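Each in structure tokens, the structures are laid out below.
Shared chain: chain A. Partners: chain B in the first complex, chain C in the second.
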Partner chain A sequence: MLEELKGILTAQAGLPPAPITADATLAAAGIDSMAVTVLSMQLEDRMGLFLTEDELSRAPTVNALADLIASRVTGNV
Partner chain B sequence: MPTDSAVWSPPEWSAPEQTREELVRLEWRGLRYTCRVITSDRPAATEPLLLLGGALQDMYAWPRLERRLGAHMPLVFVDLPGIGTADDLPADHGFDALAEAALLVTDRLGFERVNVLGASYGAPIAYRAALSRPERVARLVLAGATHRMNPRLVSDCEQVWRTRAALADGVDGALSDSGRQEVASRAAATLLNTGRQDQVSQALAVARMLHRQFARITPAEARRHAVCHQRLLGTDPLPFDRIDAVRALVFTGEHDDVSTPDENRAVAAAIAGSTFLLVRDADHMVHLEREAEYADLVLRFLTDQPLDGLHYTTAPEHFWRRG
Partner chain C sequence: MPGPAAVVTGVGSHLPPRRVTNDELCSRLDSSDEWIRERIGIQERRRADAAVSTGDLALEAARRAMRSAGVTDVDALVLATTTPDHHCPATAPAVAHRLGLQDAVAFDVTAGCAGFVHASAVAAGLISAGSARRVLVVGAETMSAIIDSDDRATAPLFGDGAGAVVLEAGLRGQDGCLGPFAWGSDGSLADAIVIPAGGARARDRRDTAPAGDFFVHMRGNEVFRHAVRRMSQAARDAVRAAGWTLDEVDRLIVHQANGRIGASVADALGIPAERTPSNIARVGNTAAASVPLLLAHAADEGRLKPGHRVLVVAFGSGLAWAATTLVWPPGVTAEL
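Showing the complex of A and B:
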């Protein structure tokens, strides 16, 4: 999921790839309001997942964000 | 040589650890406000840049521009009175007061000359600062500038305020959930060219982000916005007086209907020697819709690089100095 997340953030949200590392905080990775908005829309369009911007923004790291999305994909939450 | 979109690279991001942030408290006529100064160890390629944003933009509202420009020059973001963390600015204070408060920032920081970027609501402030003290302004960038709000915009904004007034609680001005959504939809639409959505980059995401931002506005923030709006409705927020001694770039998105291309061009025409151009596939929210191109354009201008042949803009128009 981490690579897929990175793909969305770079290709659709316009972020450069280098700062998006597993342990980076969302701020350090450059994941701002615009990126979170794009991500929320892409998750809905591509995977039918409904994760609000608030839910996504609460993830402490990029890895935690990927885990949150993965858990929704597998229906664990 | 025209730039090629396939090989073009925007200004690279600097990591947060490569820059330093300092908060500086200021006071102007008893009003407290704050600026953020971002510096890096790299030698500056141009004078410091003072950013004056829109009525909804506080000093943290430019995260990507901060990353892209932070390594090239000191950046100064400011919550002027009436914005963000600053004290309220009384309604009877106009744009000249804001220009004074903006110039005080540069005095306090000890910058002899600065580059000034004024976007939207910040444009009249930046223009007045350059008009009053041109010797302090190395270069002026105006994005989404107009001498006054056009009738369509005035009408749309009045409709938003009427809707809000009709839906708000009479005591504290709060809105119900459905009221917030209704007002947010209308407010976001005033800033976007909804008729050209299919021709604007990231249009849907920007619309959703703005909607969310408007839906979260508190009654106190709404009262602040009303004051900003009234200030914009005053006589010529951006004066017609000519600027003759400051290098300037005026631009906006080609589909901007908040400050139209012709309105921006008219502002450029009042600045001797200025350059005017339009960013393709964008409207008034060009800083969000094409943020990388926005940063590239600003950096090129502030470092005296040519603006000809950029794949993401129209051809530059130059307003030559007389005589």
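Showing the complex of A and C:
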């Protein structure tokens, strides 16, 4: 999921790839509110997942964000 | 049976000369040139001097569109703007008067950044109904009049400018003819882009409202989401109504809201970047002027060529959205 997340953030949200590392905070990774909006919309379009911008923004790190999305994909949350 | 079609026969634009860089804005904002360039795609925008109004910018763009069309008279002038010179009267009659148009029908249309496409739909209706043979459609804005220089959500985004087209009665199916419109509104989100004070709704607070309430407020993320969704759907609907498919679209003229919104709409429609001309880096979001400015710039730069199948789509406060299609006509030289 981490790679897919990176793919959305770079290709669709237009973020530079280098700062998007697993342990980076969202702010350090450059994931601003516009990127979170794009991510939320892409998750809905690609996977039928409904994660609000607030839910996504609360993830402390990029890895935690990927885990949050993965958990929704498998229905563990 | 429908009446005559509305055919584009001229296009013109006008920008005030003063360029405002990101660095100049960032002296007052918690933002940076790098963030503004990379995230919303804007390097500079134009600002009209205080003595220059929306009507002044509209007048220049209108003159140029008429010159482009080779005409000296029109039956009607429809002016789309979010920043009229006055609450009362409409800005269009004064522009028509200054153009020397005697007794022409002239009125404003307010549909935020979607205003120009709405005004084009209204003009096409006038032509189709036989109420006018030749209509000047103008989008003009002095966004600097409603922007709080200290608001990082809006100050870097918006610019001033004007664009115009001449529409004339013609045959359905001929190049330049505007196709069916796909348009609508959602007033449940009227407060997503709003100037809270200064209107009838807040008249009891005329003397007490904070100064910031007279500027435009925007809930950026919500607007982003709805802009992409509504423009993508309207674009699909307009293409289908025209009898085209999306892969037949040669050029997507999308309202220059911010660079990322335009890219997201193109991505959602599967239209590659090379078919999506943009001028937002140079002019910012010019609201109702955005679409005609981009038409003029893209035509002037040869990015819009005769025979291109063009999909036009815009979205703005209201919320409101509108899309249409045309085949770019031969023999139209943009007057900048």
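In this section, the second predicted complex is superposed on the first by the 77 of 77 C-alpha atoms of A that agree within 3 Å, B and C clash if a C-alpha of one lies under 4 Å from a C-alpha of the other, contacts with A are read in each partner's own complex, and residues count from 1 in each chain.
The working rule: a residue touches a chain if its C-beta (ideal position, glycine included) is under 8 Å from a C-beta of that chain, and two chains touch if they have at least 3 such contacts.
Bear in mind that the values here come from a model prediction, so they are computed numbers and not experimental data.
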* Given the superposition on chain A, are chain B and chain C in a clash or a fit? -> clash
* Asked: So, does A:2 touch the first partner chain B, the second partner chain C, both, or neither?
  -> neither
* To do: In the overlay, answer first, second, both or neither for which of chain B and chain C A:70 touches.
  => neither
* Asked: In the superposed arrangement, which partner chain does A:19 touch: chain B (first), chain C (second), both, or neither?
  -> first
* **chain B versus chain C as contact partner of A:27, first or second or both or neither** => first
* Is A:37 in contact with chain B, with chain C, with both, or with neither (first, second, both, neither)? -> both
* chain C: which of 1-9, 19-27, 127-135 or 325-333 bumps into chain B? -> 19-27
* To do: Indicate the residue numbers of chain A shared between its chain B interface and its chain C interface, in ascending order.
  => 14, 16, 32-34, 37-38, 40-41, 53
* **Contact footprint of chain C on chain A as seen in their complex** => 12-14, 16, 32-34, 36-38, 40-41, 45, 53
* Could you pull out which chain B residues touch chain A in their complex? => 12-13, 15-16, 63-64, 67, 202, 204-206, 208-209, 212-213, 288, 291-292
* Asked: Where on chain A does chain B make contact in their complex?
  -> 14, 16, 18-19, 27-28, 30, 32-34, 37-38, 40-41, 53
* Structure fact -> As the complex stands, chain C meets chain A at residues 38-40, 220-221, 224-225, 228-229, 259-260, 263-264, 267-268
